[in-house]
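Order of writing sets the labels: A, B, C and D. Residues in every chain begin at 1.
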Amino acid sequence: MTHRIAILGASGYTGAELVRLIATHPSMRIVALSGDRKAGMAMAEVFPFLRHLDLPPLQKIDEIDFSGVDLAFCALPHATSQAVIAALPRDLKVVDLSADFRLRDPAEYEKWYGKPHAAPDLQTEAVYGLTEFYRDEIRAARLVAGTGCNAATGQYALRPLIAAGVIDLDDIVIDLKAGVSGAGRSLKENLLHAELSEGTHTYSAGGKHRHLGEFDQEFAKVAGRPVLVQFTPHLLPMNRGILATVYVKGDPATVHATLAAAYGAEPFLQVLPFGALPSTRDIRGSNFVHIGVTGDRMPGRAIVVAVLDNLCKGSSGQAIQNANIMLGEDEAAGLMLAPVFP
Amino acid sequence: MTHRIAILGASGYTGAELVRLIATHPSMRIVALSGDRKAGMAMAEVFPFLRHLDLPPLQKIDEIDFSGVDLAFCALPHATSQAVIAALPRDLKVVDLSADFRLRDPAEYEKWYGKPHAAPDLQTEAVYGLTEFYRDEIRAARLVAGTGCNAATGQYALRPLIAAGVIDLDDIVIDLKAGVSGAGRSLKENLLHAELSEGTHTYSAGGKHRHLGEFDQEFAKVAGRPVLVQFTPHLLPMNRGILATVYVKGDPATVHATLAAAYGAEPFLQVLPFGALPSTRDIRGSNFVHIGVTGDRMPGRAIVVAVLDNLCKGSSGQAIQNANIMLGEDEAAGLMLAPVFP
Amino acid sequence: MTHRIAILGASGYTGAELVRLIATHPSMRIVALSGDRKAGMAMAEVFPFLRHLDLPPLQKIDEIDFSGVDLAFCALPHATSQAVIAALPRDLKVVDLSADFRLRDPAEYEKWYGKPHAAPDLQTEAVYGLTEFYRDEIRAARLVAGTGCNAATGQYALRPLIAAGVIDLDDIVIDLKAGVSGAGRSLKENLLHAELSEGTHTYSAGGKHRHLGEFDQEFAKVAGRPVLVQFTPHLLPMNRGILATVYVKGDPATVHATLAAAYGAEPFLQVLPFGALPSTRDIRGSNFVHIGVTGDRMPGRAIVVAVLDNLCKGSSGQAIQNANIMLGEDEAAGLMLAPVFP
Amino acid sequence: MTHRIAILGASGYTGAELVRLIATHPSMRIVALSGDRKAGMAMAEVFPFLRHLDLPPLQKIDEIDFSGVDLAFCALPHATSQAVIAALPRDLKVVDLSADFRLRDPAEYEKWYGKPHAAPDLQTEAVYGLTEFYRDEIRAARLVAGTGCNAATGQYALRPLIAAGVIDLDDIVIDLKAGVSGAGRSLKENLLHAELSEGTHTYSAGGKHRHLGEFDQEFAKVAGRPVLVQFTPHLLPMNRGILATVYVKGDPATVHATLAAAYGAEPFLQVLPFGALPSTRDIRGSNFVHIGVTGDRMPGRAIVVAVLDNLCKGSSGQAIQNANIMLGEDEAAGLMLAPVFP
């Protein structure tokens, strides 16, 4: 059975990545694409790398006939998804890739995003889209909220450790290194090649990054008590990839065993042998997560390193994985593409 | 039907690219991998990006039982393929990715590669692997010689123009820009990141690059007379991709029309609208070739720009396309992966 | 003696490069900086890499008291310099880095820049700033027009050859590779890191790039007849540097000897031994030009490759070299900084 | 007065960086260069970016007449400096850039470098070259041991804090990001452009990196008790630059004030305003260190970020700064070159 797919916000990087992945998906077919400012253009004009595909032209959202759509991916900018999704047919399956429905608590949303939520009822309905931890809810969901890409990376490193109680919950540092495509196709001076290449710097340091809202929500849920982490992201001169170096207090061998046990059956989560640490280049362009654990010379301290591709497993790949579940397909359908190296 | 595949020389970039592509190929299964210096190692050690795959370990070539192999890809260094392939069973289908069997004339081989050919009989048997121009021969072939990646790029820009007689054959300049993976995984000072990033330079300039042997052989065959081109390659700080800027004397509209007509039915060769010129980023990781044509302000001069991914369409993708034909499969099987952007 | 310097347009890359170079110049002191949109800000905010310097704050141009200024560098965007310079005191020495005064003929200006020139009298007065070829005029000049960075690179490769009559004037191809800083700090999608890194493409191909106006003007002057060149620029994933590969018809040894003789006494123009070709990485951050010549396998064809740093010798370094001459200083003062490698 | 300088090991990156800096130094002149494997070659062949300089050819060390040398920089590989320096005239001033004389304790040396020290008497004599903290000793020294580039970065962030007792000494995490030139010009697979660009990974993680020996030695000296830090280096796709993100427990405002007070008079150490964090691109090619401090959302936790150029302030610039002191020159002579951006 072929599912008819709409992508709202197809002119950004996550939208394009959805098209890339669906291009070889065995049971999804794109029937509508929206891109408000670029409505009327062909995708091949906006993204020439997709020119070999037979795709519908970009439309305005209100021009789309959703009666012929089985599932919509919503890849719109943060804060604009709320109103758009609220206006969609209530029986349409939706996977949202924005930040709008990640936080269940309206107060938390307002705290991190600076204004009240426009669709608090949908906020309650939405299921948090970290697939491996919300499969059952996703299967039953109509609206799934994709996670932050940084938030996903940190959670893959930490959730089983928090759940198992094998680390100190009050002393967790996530030092994260992120490629530039996570910032989207927006025109900002600090995203120019001449500014960014051959250098690195922190951003949103000091407990200010919005993905902390997701860490707080999810880790409290897992631990049954508040868990505050330190989180410092850095921007790196690379296009794709996130590497999170997570400093925890706990026995390294137990930390490794806990992660290996938790993820042993997961198709996309690969725990390396103890002492081996991963590289972003080994998951580039793919839906895989590589996780490594090593000890420190100081007993009782462990370092967990997790890597994923922010556009794929951190965003559009995750979205398709969730959509596969919502549509009753094999969860890995269309997502087993090998990473691209070099 | 699943074809049993061996890859000889799997520890280099083209070997790894073969594995990447076969990973999602519908009718190929890897049954043997060789890597002499790394024999005994798992592919996941040599190329961690392939760790999610269930692959045979690296062996020495003479440890492989070829009776269970339908087709072997030979991705060994130049000059070593000759002896290896000569020693393989004579009924084994072989696609060679090295330079060893590209030149049909032993004298030309010796001229460009500096020593006599070790298997001149096989040299005669081998079919030149530029798929779109040798389909029938490839279908009947036992041994197909993959083309040089630069040579492929230049030929896609020029062959139909030479065949149609629409350009001056005595004044052709190919100025080529190549990513670094074309040089392989070899340890050379000028391939270090610190040497290569943030700069560019020519290499093998002045009529010395070995791919000129392929240009000479093929263009003479097409034209029915010798055709000498100027060819200057440049190394660029990027991993994948070749862009050839080809300066020809001929009517630009005719040049464009000739290429568009020649490639109209080809699944992987995309001719852009007149005046549009391609970018390497739009074919990265894929088997597609994008070709653009524009005129100059001086009448009667045209610029043809062709791009492809040196590891995929320029090497391993081409090899699989040829193997598909040799095995009776759909030529595009496993090769419709969309490019990876950004 | 210390010369008091103003920099108009100090918030762009060429303005910042002027500050960088003047920071260690023995006889220049910056007394005023303008940056209209960023007026009131400290340079350390706009360019943190300059934070160790004691610099005046950014002002609006009309706030600057030019009575205390000996020479002004004007690093404003194209088309805005005309009105600004026309309003400056008529006895103030000015080095303009924009395109506004490069073309002496108002009709040519309008042809290439699309509108009439606003200060045609100054256009006549301005001296073309390709230092090595206009020293005497620059010494006597009040207004010097910096050259285009691509135009400078091509002229260094070609002027002596055209002057000496050793090449065919009707068959010259300049295939140029340029780093991204040449496009300035402007917010354009194709200058984003995620778009630009790991790829290459042409721009303004087909006889459309504005620097052709400079080539036409200067080569006609040198040859005493019109000389039309083909010129195809490519954008490369590197920040600084231009490499021009120039295809000419002429005897390679004569071509090399002509350049070596013409530049033998020049402090910044280095002609490599015959057969050696230069790399942009070897002039990065410096005022040097490296030029190499090789022959082709076809007799009577030569390849000249010239490299320079677009921000330094191609723009701000050239400007200071010209200012040194205008101010009676040693031409090389402050400009002997070695390139930065790696 | 002009000091006559020899550089031993001039064919590596730190040797070349010494030449670059001395090229515009007001009172140093290079009289001898060694490069054993490249003896007999001109520096312009080994490093074409230095071709404008009039330099002595590379010699073997034992061919150098040290009677005409005032000071020697020794930029040889780790473990080879010991024997070389032991064989030099005992009255020759030496600045060593290797790791051989950084650790005062022979047992510590053997622990971190895996074999006994070959010149333990010199080891005792050598002064640790972190200029700002050893000025008096350096002034009196004959042999100064340059610090590790990572070790310097971490110490600039931490020494004043440890000395002032304003942070918890038992909970310090240094998460460090390093450019690739720190690994030198050595031919290793993981330093190839195709392996390194567009990705990141840790190295020597888990308390194994040799610069921990320096941290242990120096921090214990400052604190008067053992201080063990966690230290995880990451390799980044950039050529120059180190960024250390240091997690400490202490009052952020106090941390900032302590650093600002300690470094207020230092010419090269720039403490940014509270809350501002630095970027490696702002110190590239220079001898400056930028340091920023911010608080976390959790009270009592601060993040200190320090950046420097590993080849300059982290190695060759530091060496010249120390040599200036040893030779009685202005400490900053020849080192006020502005960073190169973009």
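As a working rule, a contact is a pair of C-beta atoms (placed from the backbone, for glycine too) under 8 Å apart; a residue touches a chain by one contact, two chains touch by 3 or more.
Just so you know, these numbers come straight off a predicted model, no measurement behind them.
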| item | value |
| --- | --- |
| Longest centre-to-centre distance from chain C, chain (CA-based) | A |
| B-C compared against C-D, more contacting pairs | B-C |
| Chain C-chain D separation of Cα centroids, rounded to whole Å | 36 |
| Cα-centroid distance, chain A relative to chain C, in whole angstrom | 45 |
| Averaged-CA centre spacing for the pair chain C and chain B, given as whole angstrom | 39 |
| Residues of chain B touching at least two other chains | 13, 181, 194-195, 197-198, 237-240, 278-279, 281-282, 284, 342 |
| Contact set on chain D toward chain B in their complex | 13, 180-181, 185, 187-189, 191-198, 237-239 |
| Residues of chain D defined as touching chain A within the complex | 171, 173, 175, 177, 179, 194-195, 197-202, 205-208, 212, 228, 230, 232, 234, 236-241, 243, 245, 247, 275, 277-282, 284, 294-298, 301, 303, 305, 342 |
| Of chain C, residues touching chain D in the complex | 13, 16, 19-20, 23-24, 47-53, 181, 197-198, 239-240, 270, 272, 278-279, 281-286, 288, 290, 311, 336-342 |
